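Paired with chain B in one complex and with chain C in the other, chain A is shared by the two complexes that follow.
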Partner chain A sequence: MIASLRRLGLLACALLAAPLSLGMETTTPRDMWFGAVEQQYAELSAASERLEASAARFCQAPDEAHKQRLEDDWLSAYQAWQAVRFIQFGPVEQNSRGWQLQFWPDRKNLVGRKVSGWLKAPDAPDVQAIANDSVAIQGFPALEYLLYDDAMDEQVLSDPAVCDLMQSITTHLADTTSALHRDWQAFGEHYRNTPRYTETTLASAIQALELLEEKRLGDPMGLQGTSANGYLAEAWRSGHSVRLVESTLEGLRTGFLPGLSALLREADAVALAEAFRDQLNDALAQASELQPGLVPSLEDEEAFRGLQSLYLNISQLRHLLGNEIAAELGLVRGFNSSDGD
Partner chain B sequence: MHRRQLLKAGLGSVAMAMTPLSWSLPAREEAAWLFSAVDDPSGGHYIAGVAPDGQTRFMIEVPERCHGGCLRPASRQAVLFARRPGTRMHVIDGDSRQLAHTIAAGEGYHFYGHGVFDPAGRYLYVTANRLEDSAGLVRVYDAANDYAHVRDMPLAGIGPHELRLMPDGDTLVIGLGGIRTHPDYGRVKLNLDTMAPALMLMDRHSGEILARHEPSHHQLSCRHLDVAADGTVIAGYQFQGPEWETLPLICRLDADGHFSELTLPEEVTASLNQYTASVAFSRISDTVLVTAPRGNRVLLLDATQGKLVASPALPDAAGARCDGNGGFLVSSGQGGLYRVTPDLAMPELLASLEFRWDNHLT
Partner chain C sequence: MPAIMLRRPLAGIVALSALMPFAAIADDAVTADAVVHHYADLAHANYADALNAAEVLNERIDELLANPTAETLNAAKQAWLQSRIPYQQSEVFRFGNAVVDDWEGQLNAWPLDEGMIDYVEGDDYQHELGNEGATANIIANERITVGGETLDVSDITPEQLADLNEIGGSEANVASGYHAIEFLLWGQDLHGFEAGNGERPVSDFQTGDDCTHGHCDRRRTYLDAVSDLLVDDLEWMVAQWAPETEGNYRQELLAESDQEGLRRMLFGMGSLSLGELAGERMKVALEANSYEDEHDCFSDNTHNSHYYNGQGIQNIYTGTYQRLDGSVVEGPSLEDLLAQENGELADTLSEQMEATMARLDAIKQAAEAESSPMAFDMMIAPGNEQGSELINEAILTLVAQTGSLEKAAGELGVTSLQPDDAGHQF
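Up next is the complex of A and B:
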C-alpha cells in the first residue's frame, strides 16, 4: 500500500492528514472521504469561531489592526467553506445550511437589500432574528457587504447598530458551522455503511466542478451565451472571486482526491487517478498565478487570458471526472434523481 | 422551424416516419398519446407526445422545463405545466400536434407543475403560489373561454403540488407539499423547520376545505397522488429531514375517508432515499404503482391491503400511468419507456429514447 502511495506522489501527503487512512487494512474510499471532510468541517467551524471573536474584538476596539484582522478572518472562514463546498448532501442540506452560508447567485441583489434593510431598522437584530430571517442575511456575502460595499462608505462599520448586526451574523454563522461539523460526525456511520454514498460523493464533486465552470467562472466571464458581467461573480464586492475558486480546488485536493484515488485503484484505473491529480494541480497552479479578483480581469486582455486558461483547466477537470472517470466507474447520473420535484 | 428543432433533438427521421394518429380510441386508458415533459441531451426543453409503443412521437419546444400534465376530457387537448417555479402552462392539440395556447400564471404567481379538469373538460384547476404572501392556491381557468382565469381558491397552506378529481366529480384531492420557495431565491427551500404539509380535500365549486390530513412528521412533504375508482387515494411523500432517518413515504386515504401511512419493510423504505415521484392506480385492480427515482426502482402495492407486492429495479424511474390492461407504463429519466405489471419479474423495456423524461406521464 505504501509503495502505491509513493507512486501517487502528492496523494501520500494528503493521506497522512486523514486520521483513518493509515494502519487500517479495511479503509475504504468512503472512510477516507468521511475523515477528510470531517477535518474540513472542523476547520470551517474553527475559522467561523475565529471570525466571530474577531468581529467582537473589532467592535470593542475599532482600530485599523482589528479591522484588518476581521477582514482576514472573514476571508479565511469563507475559504474554509469553499474547500468543503463540494459536499452537497448530508447535514449541509438540513435547513438549507449551504444556502445559509452562501446565498449565491444573487441576481436581484437580495443580499444588498436585506443588509441595507436591517441597517435602517430601529433595532439591530439578535441572533434569533437572523436565524428566522432570509438566507440572504445569514452568510458570508452579507458580511462582505458590511465590510466592503460602497454603500458602507457612508456608514461606519464600528457604529453600534452596524456592529450589532455584524456580530449577530457572525454568531449565527459560528452556530451553523459548529452544528454542521457535529452533524457530519454523527452522519459518519450511516455514510460509511451505505454503499450508494460512493456514487453520491462522486456526483456531488462533478456537480461542484460544473458549478465552478459554468456559474462561478463562465457566467461572469461571458462564456455561457451572455455578455460578461462582473456582478455575477462571487465575492465581487471584496474582489476575492478567484481566491474562492482556488480554495474549492484546494479542498478537492485534500478532501476528495484521496478517496477518489483509492476508488480508482480498486478499479485498477490508477492512470485516471494520476490524470485527475495532475489536471487538478495544473488548475491550482494556474489559479494561484492570477490576481485575487475576477472583475478587473474582464477589462484587461492579458489578465483575461489567464482567467481563460483557468476556465479551460477546470473544464478539462470536469470532463475527466464527469465523463471518463464516471464511465470507468459505471456512474450514471439521474435526471429526476438529482433534481426532481 | 419545427422541423429544425426535431432534427436538433436527433429525432428527425423518426418524426418524418410518423404513423397516423389514432384518436378514435378516446377512452382514457387507451389514450393515443402519452404526454411528458422532456429535456434533450443538450438541455433543451420540450413537451413530447409519444405513442404507447414508444416508437411514434412528436416534440414541441418550450422555453422552460415542464413537469406534470392532464388530459382535457371530451377533447383532443392536453395541458402541460411548467415545473416549479415556472410561470406558464401549455395546451397541446393532439390532432395537429401543435401548441394551441400558452397561458401565463400572471405577475406575482407561479405554478407548481400540476392541474386537473372537471369531468366536462371545461374548468381547469391548477396549483399555484401567490408570491406576496406565499399562499397556496387552486387557480381555476375556463377552457371554454380561451382558458380565462376565473377565480382562486386558497388552501390555507404553502406549496400545493399534484391534485386530482375524486370519483364524485366535485371534490379535489390535493397534495400540499408545505415547502415555501420564492423565484428570487431560485429553488432554495425557505421554511424547512416550519413546514406544515397535508393531504387535503376541497370542494371544487365552493372552495371549501373538506379535510386536511397531516403526515406523521412535519418534514414529510406530500406531493404526488392518484385516486382509484372507489375513491381510495394513495399519495407519496418526499422527506426533507435528515437522510439517515427512515420515515414512511406513502399514505392512504381510504374510501371511507380514513387516513393512514403505509408501513413497508424498513429496508424497502430506506432504499427509496426519502423520495417518491409519480403515483398511478391500474384502474382495473387494486394495484397502485409508485416511482422512486432516487431508489432506482418502482413499488407495486396492493392499495386495499396497504401491502407491498413487488419492488422491481428501474433506473431513474420517473413518470407512470396505467396501460389499460392492469399494468403500467413507466418512463425513466435516462430515456427508457417500460411496461411494468404485477406478474412480470422485471420491467419490460419498450423503447429507449434520446431524451430525459421528467417525473410524470399524462
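Up next is the complex of A and C:
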C-alpha cells in the first residue's frame, strides 16, 4: 500500500514535468528514440501494475480464471520488458534495474535457490525485504518459478505465505518499472541535448542484437561451441523463450527503427534503412511462425530448422546494424559490460 | 603507421627543444613500437614468474603426497596462494591476445562444477543446470557417462585431464587448472555467507585405512597429474613470449602494425577492467548475492585474485612489473606514449588506476584483517552494507578507468576496440 501511494506521488510529479518536445520545429532521431522509448517504458509500467493487481485478485480468490489471468498478465508484462530491453543505458543502469527485472543468464539456478529459500522461511518477505535481497528474487524469472516450476507441485500458489511472497515481488516490480518510466522522462532533456547519445543508442541496439544472437538463441541451441542446453534459454520454465525474442524484435521495430531510419536519411543512406527494416520484418515473420518454447525444438529436427532460420535472420540483422550501418555512420564502439567471457 | 604516430609528438618535441639539448629529447621520445616490444617483455617476465610459482606448487604437492600431514597440506595451500599472485596479474594479457584466451580455459576456467572431479555434499552443491557431467566424480569412477557417451577414465594422466575439459559441451566441466587444484586442496566451502572456507581433511590424501571419503589413490593421482599439467601449460606460454624464438606468438605480435599491438594491449586492459572484473567477478556476485559466483570460492582468496587483476592492468599502463623475487622490470610505457599525446589524460588515467588499486586494497585489507576479517563471500551477503560499499567503490573506479582507456585509445589512433571476431561473424 505504501509502495502504491509512493507511485501515485511520483506520477503526479511526472505529469508536472515538461511533456515531449511537441513544439519543436525539427524532430531529430534522438527525439524520436526518446519518445518511442518513453511509450515503451509507460507500457512496461502499466503492464506491471496490471500484473500486481492480478496477483492480488488471485490471492483473494484463487480460482482457475484468476490463475489464467495472472499467467497472461505475467507474460504480457515480461514481453513489455523485452520490447524495451534494447535500451541498456540511462535510468535502467541505476541500481542494476535491468537485472532487477530479469537476472539472466542464470546458469547456476540462483533464481530457484533464492525463491525456494524464501518459501522455506518462517515469514514471507515484505516489499522492503525483497528490495534488499538478491536481484534474482526481484524479477520476472522469480515469478515464473512460482507460476511454473515443477517444485511448485508440492507448494500451493494460493497458500497465504506463497501469495505474500508473490505479491511482494509484483509490488516491487511495479515500483521499479514506475520509477524507471519516471526517470526516463526526467532523463529526456539531457538525452536529447547530448549528441553522443546517438552513438550510445546505436551501440546499445547492436549489443541487444548480439545478446539475442549469441546468448538468447546461440547458447541454448548449441551454436556457440558448446552443446545444446535448454536450461540456458530464457523462460525455459514456462516455455515462452521464442515469444520473448519476438517481443524484443517487435520492440526494435516500434522503438528503434523510426529513429534509425531518420538518422540514415540524414546520412543519405536510405537504402540501408530499408534493408534493416526488411530484415527486421523477415525475422519477426519467422519468429511468429515458431512455437512459443525453445526447448521442444531442440529435440525435433524440423522445429530446430525453424529456429535456425530465426537465428540466421537475427545474425544478418546484427551484421547489418553492427557492421554496415555502423561503418556508414562512423560509429566507434568502446568497451561494454559484456566484454570478457 | 609509425610515421603517423610521430606526426603529433613532433610538435611537442619542437616546443621542448627550446629548453633541452636535442640529444636528450631524441632519447626520451617513446615510440609505439618500443611500447609494444616492452609489453611482450612484461608478458614474458610475468608468465615466467607464474611458471616458477607453479613449479614450487608442484613440488609442495609432491611433498604432500609423499607425506600427507597438516603441515604439508598447509605448505601446498600456501604455494597455491603464492602462485596466484603472478597468474592473476597475467590475466591482462588474456582478452587482447587470442593465444592466451584460447589457452587459458585449461588453467583458470571458472566457475566449475566441482562434482565432476570429486565428492561433494549434495544439499549445498548447485551445479550448472542441464550439465550431465556435474556429478560425474572422476575420482570415484573409472568410467563416467556424460552426454550419452561412456568414457574410460581409469588412467588419470595430465593428457587425460586436458581432454576432459568441457566434456559434454559444458564450460562448467573443468577438470584442470588452478581452481581444480584449489578444490582438491581446500574442498567445498560449505559456509555460504559465513566466515570459513573449504575444510578438506588431509586424510583425503592418506593411503590404506587412514583414507577418508574413499578413492584416495585416485585422488592422489589426480592431484599429481593436475599440477604437472599446470606446469606444462605454463611452460608453453612462457615460450610463446620468449625473445628471439622462431615462430612464436611474440614474433607474430611484433610483426603486426604498432596500431594493432596497441589495440591488443588496450582491449585486454579495458575488457578485464569492465566486463570481466567489475562485471562478471564483482557486480554479478554482489547484486545477485551469489557465492556461487565467487571467484576463488574454495580458498576464499577472491580478494587477492581481484587485487592482482587490477595490478596487472596498472602494470601495462606504467610499463612496470615487480617480479616475485622483488626485482622490477621497467621500460617504455603506454603512459609515456599517451603523455606525449595528451598529458592531462595520461595523468587522469594514472590517478584513476591508483584509485582502483586503493579500492581493491581496501577489499584485501578487510578480508585479511587480524580481527573479524570479512572475506569476499561475506561482503556479498544480503544486507551487508559495508561489504557492498567496498565492492561498489571498486566497481566505480574500474568503470572510470575504462572510460579513460577508451579515450586513450582514441588519442593513440586505435579506432576499434572490438575483439578478434574469428569464427563469430555471420
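A few points about this structure:
Operating definition for what follows: the second predicted complex is superposed on the first by the 309 of 341 C-alpha atoms of A that agree within 3 Å, B and C clash if a C-alpha of one lies under 4 Å from a C-alpha of the other, contacts with A are read in each partner's own complex, and residues count from 1 in each chain.
Note that a residue touches a chain if its C-beta (ideal position, glycine included) is under 8 Å from a C-beta of that chain, and two chains touch if they have at least 3 such contacts.
Remember, predicted model here, so these are calculated numbers, not experimental data.
With chain A as the common reference, the superposed partners chain B and chain C clash.
In the superposed model, A:Asn229 lies in contact with chain C only, and not with chain B.
By the touch criterion stated above, A:Gln68 is placed in contact with neither chain B nor chain C. By the touch criterion defined above, A:His190 lies against chain B but remains apart from chain C after alignment on the C-alpha atoms of chain A.
In the superposition on chain A, contact is made by A:Phe103 with both chain B and chain C.
Comparing chain B with chain C, more residues of chain A are touched by C.
Looking at the shared chain after the overlay, A:Gln60 reaches neither chain B nor chain C.
By the document's definition of touching, both partners, chain B and chain C, reach A:Ser134.
Contacts of A:Gly334 after superposition on the shared chain: both chain B and chain C are touched. When both complexes are overlaid on chain A, the residue A:His319 reaches chain C alone and has no touch with chain B.
Annotation: chain C segment clashing with chain B after superposition, chosen from 63-71, 99-107, 117-125 or 135-143, is 99-107. Common to the chain B and chain C contact sets on chain A are residues 96, 99, 103, 108, 110, 134-136, 332, 334-337, 340-341. Those residues of chain A that touch chain B in the shared complex are 89-91, 93-96, 99, 103, 108, 110, 134-136, 183, 187, 190, 196, 332, 334-337, 340-341.
Touching chain A in their complex are the following residues of chain C: 95, 111, 126-131, 147, 166, 168-172, 270-276, 279-280, 283, 287-290, 292-293, 382-383, 402, 405-406, 409-410, 415-419, 424-426. Within the complex formed with chain A, the residues of chain B that make contact are 39, 67, 83-84, 113, 184-185, 188-190, 192-193, 223, 241-244, 273, 275, 277, 293-294, 296, 315-316, 318, 333-334, 356-359.
Residues of chain A touching chain C in their complex: 96, 99, 103, 106-110, 113-114, 132-136, 214, 222, 226-232, 312, 315-316, 318-319, 332-341.
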